[in-house]
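A, B, C, D, E and F are the chain letters, set down in written order, and residue numbers restart from 1 in every chain.
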């Protein structure tokens, strides 16, 4: 991507990043600096010190007024905030359902027209590992967490059809420094590819309401991004370099293990949790 | 359907009907008497007096313990409860999101294996009126209410994939005594056909996680139930008899009116509401 | 359809019928009287005497100015005009290509928003008789005549996408008093059903750019109108009553005859014609 | 269907019926008399006495020469012969694999151009009962018997593509006097509808290589014949009249019984059999 | 591609190139020299001097006799001729409708069996930029020019089905020295890739009636050529090298601009033109 | 693939290779040594001397007991055995029908859960060369040999649905040292890519019942393996290096030759053979 002329202005005046203290949020902070004059970083948890170009704010997404304030004056939003693991449903309601609603309402009221929404492969985790999915595959959440990601996809669809707010739903695989288990050889999304995926989602001229899978160019593919080719996302990394870490075994072990049969892996074995007292 | 022999036992021992005080709930109470020895009727609002075969309970679906108690001992559930119009999102969360979750959790804990869930055409109301949808059409909610119906469909899908609880999602059109406006000539579902649809959904041997549209055999059809033919639902009524009530007009009026262009009708014009103080 | 109250106004103020002297045009003239205060009837050939509610005009569709004048002041158009058999291409260009263009340009300039366009089964006649087509089947013209009908479908699509002029493309089978050969037992469209198809196409609230096949409820069906169910067209007649007219024969005769293999029948055997001097 | 003029000739000169002693073969013998001057009836088992218009022959389909002789001089074949229940594979090879091959080779050598082949719903019996299949549904045989029916469909496809011999594959449900169990309320094909299905398959002008499901107009439908509408088959009977015979029960019984989950019913529980000594 | 043995003969004896004076025609002239002993180059406009292996002819495509003469003796045709921008419809009729008809009639009469036809992305330009199209995407012309390209695709389909003349329809993006605006970063087809696309279209053993999109391997892709993979076309260039030329901007600018929303770009804003006097 | 630690154990304890003396069987023997402690190699024909890690057995696949013995104690099977060219049907029955049945019955009885089955492109050879097929393309066998490969695909589907035995059906193109004719430039599968394809089929964690095409990364592609991407197969070779061997010719030669029109090439011209005495 070329630099804009004469140093002064970057493509965006102000971007908002939610979930900025999380694993992926931390990866993005540097990248966003190149794309916007000001980056507003937000989380419910404390963050590392804000850089000169950053505005930091600690916000509970379930707090409507705080969210409204957080969104004011931004051009676009990268929404990584909320709970990103399975959790008691009461908690998921606050962070992922009420929180996402608050975010979109704030976007609507403040005229924000583009959201990059961190959905998850767990929105489709109950598809078997022998199926290759594209953007039109039906949702098959593998957990209550996954159900709340489906909710986010539905809600953002509504805000697009009704109010014209564009969203790219990133069905992120496993974005870590490196794969932690054999399943992640399939679902691995390198940090570099993750950042590129966000870049494409922010800068593509029109995205409508799009669904795109977030995985690097790994040998085994469960997901086919052909229908999202208009975003121009091309992963450059691959899990191949990590394949030595996991011993190759006969596939006949644990034949009936559901965690081996479904794309969601261990998530499909979870059960709704009680909120601890 | 034939009567079971010797008067004594009906197919179900105990059925639960939520939303029993609502428009459709009232229609079903008589029908359910023929299908179950005991009908547990529930609503947040007061109900008309319980019949001899009925157990009445006033329950707020957002109250987890009350819902757990309500579901105990039932064989199957017809879930019409919750809010069935657009409403402030905080209210929708309690009734339609937390409430539906409470219901499925109770079903899981009490071993209930079949739910008939009143979804709505507003889960797909942002499809244009020039498209004919089948069960695989993507969700296009036309309102926050519609978004919560999408949530119910996602949640029940999860409870089927994970716990084997079967659900038929009824995307009900407009079920009233008779059509109230020209749009309802398309979406009309007679009470008799509604009851038949519930009957098919309860008695079909296996339903998995099914989506079926609820409309009578009206001349204009936006929905195609071919993929749900395994339910055996065949509407016997039609809106034709009511067509005289609405003057035939040139279609060129109000050409750009979104309420004319989308299946959801007036719903597509709504906006998120604030909860009144 | 109900009569409008108190006799005075009909749904349309003025309808235009082109091709009014042709076989199908003559069938429609009476019907249109019930739908519009004034019916403008047009043809390149002389017509029978105009009724009190009719305005007659003899117009060559290739004459831009005459067409512009013909369209002025009408609410909607039923366009049956042009050449409806195979013919020298130079003739087809004038009547079906330049003529249809002139019609749509006139509609655009005069603000007409609805056209019912007589396309033809010959736009898809090179599909084999062992395939059942729906509205999304690719065009397979069986003749130069069929190619010009494909042109009309493309052109009207453009006028819809660009200018919002709605068109229903009627892929008419064989609309005659009765079937004239065995193929017409499949393609037969009774006059009564033809009129009903035009009625649905004119009065449905929104049609966008629609394709619908015009056949009665004949035993053998090559065409499936499910995707056009939003028009509410239900044929009431059938070719069954005429089946006795054609001897039942073994199908093994004339095994390689292309006219037996393709839906277009004898049309697939035609060749481009020279215009006679 | 009309009678041919002047009494003398019927549409076919000579039809061959294999499996003439079986349940369905016996139903067809009378019907065929109306369609052909001569009906050659064949079976491996003894038959009831041949009528004046019949030629009877006892033939083992695995006997190539006998089959070659049996096919000589016929215009078309209704092939019901072979084994129609699960059986030891060695037996299935002879009757259904070698036998069907012998039949098609004889058809090829004698120039027969049309075969009506009794396939079976057991060619697709491992599809779940919650799916509605059309002619393009992938084969899912539920038994070795079903596998041999898939073979017959593949073989006949080859003979069509290579030699132009047309076949209609009838995926017959349960064709008996009346349904014998609840599953047959779905799969029931009345004898009258069966005969009509054969009639359509024999007389339709061109059939190519077609797949059609054989079921009456029963309330619950697992199969959708839209793609075979070019055959003109419309069932006139329904299992509704028999529904009283089977008590309506709650669907929650035997929840994990595979025979309830798959279209093939009890067949899916079978295992390969040894041939008894 | 290998040279044919013994120097003398090239794969084609004589190829015809129409539109040889245009932008793309000029690119092809050199390439064609390698593929045919004689290259007949034709245009309505004057051409640069013919090379030794070339036969030059100035022909108006609307002139039937001249076209008939032009096609005589050629083995295959690369048809780039006609009008390649929006223009008054009367002009488009002559060049693109009558002209293409003349060309195919001449091909039929002279036994030419292969045409490479320059269609255009404007045949599908009214699809939104958030959709990825393949060869079966329905036509959505964005201009009268695009409508005439749809006509060429229909006409060539007819000549294939009826007369066996094979055509590859090239839906060319933007083939220039380099992209001239941001949209062309998506639609760019380098000259080298264009030539390769024509080569594949000419030399592939059988092409039937094919549709292929003409774009280089650009980062953003609106078109998916999977269904045309039998042509063996693999672009080697990419617009990436030119991306620095256009400043990266926030996508929120000009949110409602149709030229940004549809693949056809500025074409979707055009209106039918009058022919100047 | 990484080596397993400390030399001792390989992923599989014992693999079975049938058809070990054939062209492809010989290629695999070395590769299998790296994947299993013991490789049982089998063929009806004599084999080259067994290596230290190999167990050799000469087995006629039609001999049930011998096959039962052959399969005992193996973890997985690579089934290349049987007849791999067209042959008299009686021979094909023994080797490819009875033989494959014997193999799967033995697998079932001995608890083998994974088979890699050498199907063939001749199972789909009657598709035209202008179509790109994916794993769901309907079978179109081009020969009796192809019909028996369809049988193997059906049979293995049954053993998966009924008994959970997983199979990868390899629809192998032309796997030789190098392409022998122009068609093989499309269907070429290098030995290295063939071995990689078997490796992916053996080691992928779950494969269900999969269909994958076996071709290298050749310029022209008739087959699209997207739906089998979960296997992780990526060819590394290409026929490009061999393209010089075949002169480039005009495609207009032999226009009506079926061997040029269908993917099966010369196979589509074959006829059922008699078994020589």
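As a convention for this text, a contact is a pair of C-beta atoms (placed from the backbone, for glycine too) under 8 Å apart; a residue touches a chain by one contact, two chains touch by 3 or more.
Note that the coordinates shown come from a computational prediction; the quantities given were computed from them, not determined experimentally.
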Ask   = What chains do chain A and chain D have as common neighbours?
value = B, F
Request  = Could you put a whole-Å number on the gap between the CA centroids of chain A and chain F?
outcome  = 41
Remark   = Check: chain B positions touching at least 2 other chains come out as 226
Inquiry  = Show me, using the given definition of touch, all chain pairs that touch one another.
reply    = A-B, A-E, A-F, B-C, B-D, C-D, C-E, D-F, E-F
Key: Complex contacts: residues of chain E adjacent to chain C   = 89-90, 93, 97-98, 101, 105, 108, 126, 136, 138-144, 146-147, 150-151, 154-155, 157-158, 161-162, 268, 271-272
Chain E-facing residues of chain F, complex = 128-132, 182, 219-222, 224, 226, 243-252, 255, 260-261
Query = Along chain F, where are the residues that touch chain A in the complex?
reply = 1-2, 4-5, 11-13, 75-76, 113-114, 164, 202-208, 210, 226-232, 234
